[in-house]
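Both complexes shown next keep subunit A, but they swap its partner, so subunit B is in the first and subunit C is in the second.
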Partner chain A sequence: MTNYGLVIDQERCIGCQACAVSCKQENNVPMGQFWNRVLTEGGEKMDTPSGGYPEDGGSGSLDMQYQPTACQHCENAPCVKVCPVNATYTRDDGIVEIDYDKCIGCRYCMAACPYNARVFNWDEPEHMPEEGTGDVEARPQGVVEKCTFCSHRVEDGLDPACVVNCPADARIFGDLDDETSTVSKYINEYETDQLLEDRGTKPKTHYISGEMSPGRPQTSDKMESELDDVSPWSDGDDDVPSKEADSVGSESSSSSHSVEGGEIPYATPAKSGGDD
Partner chain B sequence: MAAKTGSSRVAIPSFGGKGKLWIGLLVALMIAGLAAWGYQLTTGLIATGMRNVFSWGLYIMMFVLFVGLSAGGLIISSAPKFFHSHRYEGFARLGVLVSLACIIVAGLLILPDIGRPGRLYQFFTSPDFRSPMVWDFGIVLLYGLLNLWYLWLLTRRDLAARGSSLALGFKNTEAGRDRDRTLMFWTAAVALPTAVALHSVTGWIFATQVGRGDWFSPLVAPVFIAKALVSGLGLLLIVSVLADRYTNFEVDREELTSLGKILGIFLAFHVVYLLAAERLPHAWADHFEFWAIMSNFLIGDSVYFWLWTVVGGAVPLAMLALPPLRKRVSVIFTASVLAVVGTMFEGIRLVFTGYEVANIDSAPGISLGGEYTGITTDIWATAGAYTPTLVEIAVTLGIIAFGALIVTLGLKYVPIQRVDAEPSYATDGGKQDQ
Partner chain C sequence: MSDPQQPRLTPIDEWEDEAEAMLDDVEYDTDLGVQMARDAIRVSNGELTDAEFHEKYHEAVLEEFGEDQRPTKPEGFDDD
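Our next item is the complex of A and B:
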């Protein structure tokens, strides 16, 4: 069975907010709301480190990291269990989604989610531009909404917008049940954490920190499983892709990211266990 | 027709000037509440003080309070019946009436909290039985119906004797009264576990949640039961003293004092014992020195904590414990008011402990979906803050006024006490134990 998950390499993340912005655009997220936020682990304010400067008498302990945070698509999702009317449910492919037709707006799921991943339409949602962006279902006033792993894209074989638009290749989407997928491999090979692991929600978003992974360079909008040649760069003994993305990809509507013939996708191949 | 009817008393034979003024006030509050709800329906819940981090507010706090308040009356009237005793007979009907009003208020308070009340039918068409809210929905409904049935059962023969159409065709016969006594025993037998279930399930709405600080505690359900005993009995005492003063309802002084004593015991169990049981392990685990443990154990942090434990706990407890004071009606009344107010602040505190702190509070934080009225000017927050708006207060008061109206009309149309205190009108589910 398919069980979608996300790996975020915090060592690669440069805090550019591209995922947050592309999420907002792709999903027509109302003004005043964010499904995906890039948090600064460090100082009090965004983009500020904690600790002291490495100057005379200072501690030189400056430290900062970015933590992109959206719905973690928990396996033992409390939001699914509390929803009285089955509006929030887990799909067969593991994505936690909301049926906006059913949602009564009781906000029990917001109380249940330990990650504050959910937002509520307190008034009539406003969009900029007014007619909205993206090609997704409209959400009325009075319902809860959140990240869907871009299920509308996934159904078309495309990676979530945040993954495609990450310029640092820090976001990797794929099937956790497939042992050969990059997400599965990285979870095995690198030290990964889940947020608030102690709560037992079993999030399907895993964070790499400590040692940088090679990421998964985007050669097209397509999901890894849709590509013929499955991310050879994640494999220690086969660093260079042997074949570019299949030319069938050019027939698909979205080819802005696809690789021109013969071109090797930009990637810094790193041997697992390597230290850079 | 049976001869031995005894006679029953209606607390308000007819409304005088003051009574009409009171009803007028309640109706005005209800209209204001409806208007406020209408406004909230059109503008959305943005009209409330709730936002994305602090996403439940006054409505849920008051829901918790009124579920608790609905306990006292039913327990005071059904517990003696279950043990075939006549104790507190004079409070039985008023108690059930107050319970009924409170559970209706509690149920109605959920409505304005719902983002799309028009979809509430989904509770029937698409329920998820894993959700504690579904359990609670069921038990609140059941409890409300049970109260209604019980009140009618307690009074239907007297209603018949008075020729009231509310008897729904039942006759006032001796055989009928006998049958009712058996029914009352069985209703009492069902009512007690239902009340326990109601308060536990309401507690579990919170206690099952891993993401909201102190909510995730196995103690929450027992605390909800204790809270219900304290506030429910407190409210029953308040209402009976008021009814004694302003209507023909008569309070038996000796029984009132005795119930006051029971309230003291409930308070001691709740505020002293359960609170200590909840706090000590944390204080002990978090601190090293003896005095650090002790002060952390004894001293709470938020103002709600103090309002609850001192104003709503220690003070009324002292009032009900001191021999020279505890027999005075005014003291019992004040202590009851304080106990109810204290319980209210305990509920407020519970919701605050869940939302005040965000588990992940790195900058910039969580998008609010609108500004916190008057608190921040941007859409981000790293902690929860909440102040109810006038709209929320108006809606809440309107619903509470509706509850008060139910009690008032009940005092007018339901024979609330037996005049002869006919001894045989206790339950007869088995052997009479006297």
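Our next item is the complex of A and C:
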């Protein structure tokens, strides 16, 4: 069975907010609301480090990392358990979604979500431009909304907008139940964390930190499972680069590319959504 | 409400205050929402089963919302 999940390589993330912006555009997210946010781990304010500059020949202690955060599509989602009208539910493919026709705006799900991933439409949603953006209908006033892993795109075989538009190739989407998928391989191969693991929610978003992965350069809008040539490094059966393969590199052919050192293969500019 | 300019993950010791603020002016029972949120995390943690959670709040949910459609309902559970 399909079980969608996301890997975010924090070592690749450059904090550019392209994921947040493309999410807003693709999903017609109202003004003042964000489904997808890039937190700063470090100083008190956005894009500020903790620690201090080197002084008197010292080494300094500046430290900062980006923490992209959205709905974690938890396997044990507390938001699903508290919804009295079953408006928040888990789909067969693992995506946690909201039926906006059922939502009564009680916000119990917001209180139960440990990730602050949900937003509430206090007022009639405003969009810029007024007619809205992207391929998703605006949600009415009085309902809770959140990231859907771009389920409307996934159903068409396309990666979520935040994944396609990440210029650092830091976001990899795929089937966690398919051991040959890049997400599964990276989770096995790299040290990954889930947010607030102690709360037992079993998030389906996994974060790589410590050692940078090769990411997954986007060669099209399509999900990995929809591609014949699964990745730009494809050289046959096992086309997800391992740490060893990454350091060695390989000869390119018409259907394959190599990754050497920090080099990122050419990726076709991805569309920002809206008319896919 | 989290500030979208510098959102954050809520430290566990501050969560309850934030949950109460979220539900402050909701037209439904704030205390019930906070208690259910707290226990839903306990379910995730394995400290409480789905069935125990469902039974604990079934009557209160029915009273507050007039229905209880939560997916935690155990097999054979008597709605009445």
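Just so it is clear, the second predicted complex is superposed on the first by the 229 of 276 C-alpha atoms of A that agree within 3 Å, B and C clash if a C-alpha of one lies under 4 Å from a C-alpha of the other, contacts with A are read in each partner's own complex, and residues count from 1 in each chain.
Methods note: contacts are C-beta pairs under 8 Å (C-beta built on N, C-alpha and C of every residue); 3 or more make two chains touch, one makes a residue touch a chain.
Every value quoted in this text rests on a predicted model; they were computed, and no experiment measured them.
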Joint occupancy of subunit A by subunit B and subunit C, clash or fit: clash
Partner chain(s) touched by A:143 [first = subunit B, second = subunit C, both, neither]: first
Which partner, subunit B or subunit C, touches more subunit A residues: B
Partner chain in contact with A:115 - subunit B first, subunit C second, else both or neither: both
Touching partner for A:124 - first (subunit B), second (subunit C), both, neither: first
Which superposed partner A:33 touches (first subunit B, second subunit C, both, neither): both
Subunit B versus subunit C as contact partner of A:74, first or second or both or neither: second
Overlapping segment of subunit B (options 132-140, 186-194 or 222-230) - the one that collides with subunit C in the superposed model: 132-140
Doubly contacted subunit A residues - partners subunit C and subunit B: 32-34, 37, 39-40, 44-46, 67, 69, 78, 81-86, 104-108, 110-112, 114-116, 195-196, 199-201
Parts of subunit A lying in touch with subunit C, wherever the complex brings them together: 32-34, 37, 39-40, 44-46, 67, 69, 74, 76-86, 89, 104-108, 110-112, 114-116, 195-196, 198-202
Residue numbers on subunit A that touch subunit B, as the complex places them: 30, 32-34, 37, 39-46, 48, 67, 69, 78, 81-87, 102-108, 110-116, 118-124, 140-144, 195-196, 199-201
Residue ranges of subunit C in contact with subunit A within the complex: 2, 4-10, 12, 15, 18-19, 22-23, 26, 28, 32-34, 36-37, 40-41, 43-46, 50, 53, 61, 64-65, 67-72
Subunit B - residues contacting subunit A, complex: 43-46, 48, 50-53, 55-56, 113-117, 119-120, 122-123, 126-128, 130-134, 137, 205, 208-212, 354, 358-360, 362-370, 379
